[in-house]
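Each in structure tokens, the structures are laid out below.
Here come two complexes built around chain A, the first alongside chain B, the second alongside chain C.
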Partner chain A sequence: MNGWMGQILRINLTEETVNVEELDQTLAKDYIGARGLGTKIFCDEVEPTVDPLAHENKLIFATGPLTGTAAVSGSRYNVVTKSPLTGTIAASNSGGYFPSELKYAGYDVVIFEGKASRPVYIVIDDDQVKIESAEELWGETILETDNQLRAKYGDNFRIAAIGPAGENLVKFACIMNDRERAAGRSGVGAVMGSKNLKAVIVRGTQGVRVANKGKFKDVLRNCLGKIKESGVTNEGLPALGTAVLVNIISEHGNLPTRNFQKGNFEGAEQVSGEALADELLVKNKACAGCPIGCGRVSLVPDGEYKGFGEGPEYETLWAFGPDCGIDNLEAITKDNFICNELGLDTITMGTTIACAMEMYEEGIITKDELGLELEFGNAQAMVEAVKLTGTREGIGDLLAEGSYRLAEKYDCPEYSMSSKKQEYPAYDPRGSQGMGLEYATSNRGGCHVRGYLTSPEILGIPEAIDPLTIEGKAEWVKIFQDLTGVVDASGICLFTTFALGGGDIHELLEAVTGVGYTEEEMMKVGERIWNLERLFNYEAGVGPDEDKLAKRLVEEPLPEGPAEGKVVGLETMLEEYYQLRGWTPEGDVKEEKIAELGI
Partner chain B sequence: MRKTLLINPKKCTGCRTCELVCSLEHTDEFNPSLSRVTMINFPEEIITIPVTCLHCQEPSCKNVCPTGAIERDKETGAVVIVDEKCIGCNMCLMVCHIGAISTVEQERLEYNVKCNLCDGEPECVEFCPTGALEFGRPDDMLLTRKKKVANQLRSLIEEAI
Partner chain C sequence: MKVKLLATLRNITDCNELELEVENIQEVVEKLIELYGEEMKTELLESDQLDETITILVNGRNMLYLNGLKTKLKRNDIVTIFPQVAGG
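Showing the complex of A and B:
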């Protein structure tokens, strides 16, 4: 096969057995790879009603046919499992070097099933696969785990691991790879922890074959030209990282502030990409094959927030910054470093603290219960709360459940800014209506990277549309969700779509795989993935009733700024969206649709 | 004047595109383990540097080769291995100061490979997104660097007076 390696590695942790299976070529074509193929295999093998932390749940690492190639930013893999945070399907995406190395070792997909009787790590060295004791690594941070494993096996191995957060089953624990890249959302790290699986290390010496080398190079040159021409991929992201968005989103008045109480933050300038570049940025860092290099390497040279590492990204800056009412860039950056060490999703961590802060200020939760003066703007208390969460000490045990369960415990779930129990990222949908529909319909709960409507609504890519209207948004959301499915399944980074369109991605896929997709068939794969995920969620008990937003976003108008007076017009958009998706007016997937897509 | 490969470590973002396009060019597949250029990673310091053959003026590999399989290409100046003469003895690999020679297995035979500057148009340079790898006349490339330093000096002096 070209693009795909043609093999699936299955590791049963209960039995401590390892099997290699052939990849079904039809399945590969129909679901491409990564989020698509991983989800298909998962849905075929796992009961939707499974307890996410039970040994019957499986954890799948899935790459795409473009992973490990020079196709722009072909560095990604998806971790697919059932999420302990949302109870829905989880597909968590990460780049770096580890995903490509899985391909070089010969595998498109690795399936972990069962549960080890003791802490273990897996060594994948081409066709030699071993299960080793991780007793001595259990409890170590991500960086220490990485240091110890590299000391033992050498720098040619690429490592994915969980930190204390994953071990302690924090519901939003990440799986970190190459030290500081994160399969961040939906708590995939907790599933890995529940299996007693501390780390996976891999080295490979096999090649990813390409169907048409000459055509590939032509297509690549063309794509790189477009990346160079785009203001976002050639200027904004390399110069300022994703943090370039702080000032842009702030100007539009939809930078969620103090748990989404308003859409503009007085200290935005101090936590912007520009401030980061001026004060803490050391250099840019790229994932494999990436010409953009949005990654930041930052240094806080001294003081109480001293530290060095990767980040912060925009979402992190926002979650620990404006959303918690904090304008201390060093404290925010420190929180990012601690999250990377412990293996915590920065978005859910920051927004859960923001939720606790509002509950504290409203007198719903007391200082005695918190053990911290957790008021908006208290950077020291915020940093302390993050540390406690990773180890589930004190109030950390409750924060580790995410904002929804925290607020629900105090009978005020409306304080949780989440859909399907996963917290929203850094865009107030009252000032970006399409994003509201995306949050409500995303198959993994509150999430911006299933259909990034910020692109047309705020950045004007591929064309500018009015962020404040609901008209036409359903169609935009559907197309973006389907295209994102294809991008994720291919193994390239979503950020390429700031410069590339579906046509470019189709050409890359064709040059590498040569399977003969039409562009229409490729987009159909995206729709197939979307419907499959939705069907799984339905069976898991998370149905159309959960296509909703936090009460605040549909009932409380934004108090000031360009979107003043706006709430999200969700109901009307949802109606149109169900129709465009070919679902029933109630949002159920029809049998005809299932047949049409061949699910 | 002959063209030279220059490495600018500060510009390297660690994307490994050099390894990917190198292996594609020479082995028709994406396979960093067969690449003639290797990105060296210092994870604790988050520093990456591409390392490849520097085409030494006094190449130890050429001097040690028992079959005379290593030559300097007259046009490109590259130190190259002539496949037909290589017996895969690994002597070049043992003496190379850079570690830029590797062994590959092809059709059950092991033999040695290294960078040949892609016959004068190195793929790694063409596709490097940040200019961490450059190929050109050293006087031209170094003049660019000198100018940059001169500009910094100029502004410092202007600030001071």
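Showing the complex of A and C:
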């Protein structure tokens, strides 16, 4: 096969057996790879009603055909499982170097099933696969785990691991790879922890075969030209990282502040990408084969928040900053470092603290219960709350359940800013209506990277559309969701789409795989993935009734700024969206749609 | 009114914001070019027209949904200008 390595590695942790299986070529063509192929295999093998933390749940690492090739930013893999946070399908995406190394070792997909009887890690060295005891690593941070494994195996191995948060089954624990890249959302790290699987280390010596090398070279030259021409991928992201958005989103009045109580933050400038570049940035960092290099490496040289490491990204700056009413850049950066060490999703961590802060200020939860003065703006208390969460100590045990379960326990779920129990990222949809539809319909709950409507609504890419209107948004959301499915499945980074279009992705896939997709067929793959995920969720008990938003977003108008007086017009957009998707007016996937897509 | 400059535009101005007394957005663009010269002109204009990749907000609202370059400005208005950027 070209693009694909043609092999699946299956590791049964209960039996401690390892098997290599041939990749079904039709399946690969129909679902491409990564999020698509991983989800298809997962849905074929796992009962949707499975307890996410039971041994019957499986954990799948899946790469795409462009992963490990010279395709721009072809460095991604997806972790697919059933999420302990949402109860839905989880597909969590990460870059770095680990994903390409999995391909070089000869595997498109690795399936972990069962549960080890003791803590273990896996060594994948081309076709030599071993299950080793991780008893000495259990309890260690990500960085310490990485250090110890490197000391033992050398720097040629790439490492993915969980930290204490994954071991302690924190519902939003990450799997970290290459020390500081995260398969961040939906608690995939907790599933890994539930299997007593501490780490996976991999080294490979094989290349990825390309179907049409001449065409690939031409397509690549064209794509790299577009990346270089784009102000976004050639200037903005390298210079200021994703954090460039802090000021811009705040100016638009949709930077969620103090648990989404308002949409602009008075301290935005202090926690902006510009401030980060001036004050803490040491250098940029790129994933394998990436010409953009949006990653940040930062240093807090001294003081109580002293530290060094990767980050913070826009989402992290926001979650620990404006959403918690905090304008202390050093404290936010410290929180990022702690999350990286413990293996915590910074979005859910920050927003869960923001939820607790509002509950505290409203008198719903007391200082005695919290053990902390967790009012908005208290940076010290926030940092302490993060540490407690990773180890589930004190109030950390409750925060580790995420904001929905926290607020539900106190009979006020409306304080959780989430859909399908996963917290929203850094865009208030009352000032970006299409994003509201995206949050409500996302198959993994509150999420911006399933259909990033901020791109046209706020950033004008690929064209500007009015963020405050609802007309035509359903179609935009559908197209973005389907195209994102293709990008995620292919193994390249979503950020390439700030410069590249669907046609470019199609040409890259064609040159590498040579399977003969038309562009329309490629988009059909995206739609197939979307519908398959939805069908899984339905069977898992998360149906169309959950296509909703937090009450605040549909009932409480934004109090000020350009979107003053606005709530999300979800009902109208949703009706149009279901129609465009070819579903019933109630949001159910019709049999004829299932047949049309060949699911 | 206050004019805020974001992202890489600050590399040209070396300041985050400035006060201008002008009538409309067109005059803001002209004034910025007058103050900061060729580098600002290259950043803001494409074939003597406002570059499509430049976003200009008036009190947080994109001028495209107001009256474009002709959008009139009042003393307390805040104008925000930035080049095409993205993140996520």
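The criterion applied here is as follows: the second predicted complex is superposed on the first by the 599 of 599 C-alpha atoms of A that agree within 3 Å, B and C clash if a C-alpha of one lies under 4 Å from a C-alpha of the other, contacts with A are read in each partner's own complex, and residues count from 1 in each chain.
Convention: a residue touches a chain if its C-beta (ideal position, glycine included) is under 8 Å from a C-beta of that chain, and two chains touch if they have at least 3 such contacts.
Keep in mind that what you see is a predicted model, and the values were worked out from it rather than measured.
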When chain B and chain C are modelled together on chain A, clash or fit: fit
Which of chain B and chain C A:248 touches, first, second, both or neither: second
Touching partner for A:274 - first (chain B), second (chain C), both, neither: second
Chain A as apex of chain B and chain C, Cα-centre angle in degrees (nearest 10): 80
Partner chain in contact with A:4 - chain B first, chain C second, else both or neither: neither
Touching partner for A:240 - first (chain B), second (chain C), both, neither: second
Contacts of A:150 with chain B and chain C, given as first, second, both or neither: first
Which of chain B and chain C A:448 touches, first, second, both or neither: second
Touched partner set for A:287, first chain B, second chain C, both or neither: first
After superposition on chain A, the shortest CA separation from chain B to chain C (Å): 16
Residues of chain A that lie at the interface with chain B and also at the interface with chain C: none
Complex contacts: residues of chain A adjacent to chain C: 230-232, 235-237, 239-245, 247-248, 251-253, 264, 269, 273-274, 294, 313-315, 448-449, 452, 454-455, 459-461, 464, 466-468, 494-495, 498, 561-563
Chain B to chain A touching residues, read off their complex: 10, 13-17, 20-21, 23-24, 27-34, 41, 43-44, 46, 127, 129-130
Footprint of chain A on chain C - complex, ascending: 4, 6-8, 10, 16, 52-53, 55, 57, 59-62, 64-65, 80, 82-88
Of all residues in chain A, those that touch chain B in their complex: 68-70, 97, 100, 104, 146-147, 150, 155, 178-179, 204-210, 213, 216-217, 220, 224, 282-291, 293, 295, 297, 308-310
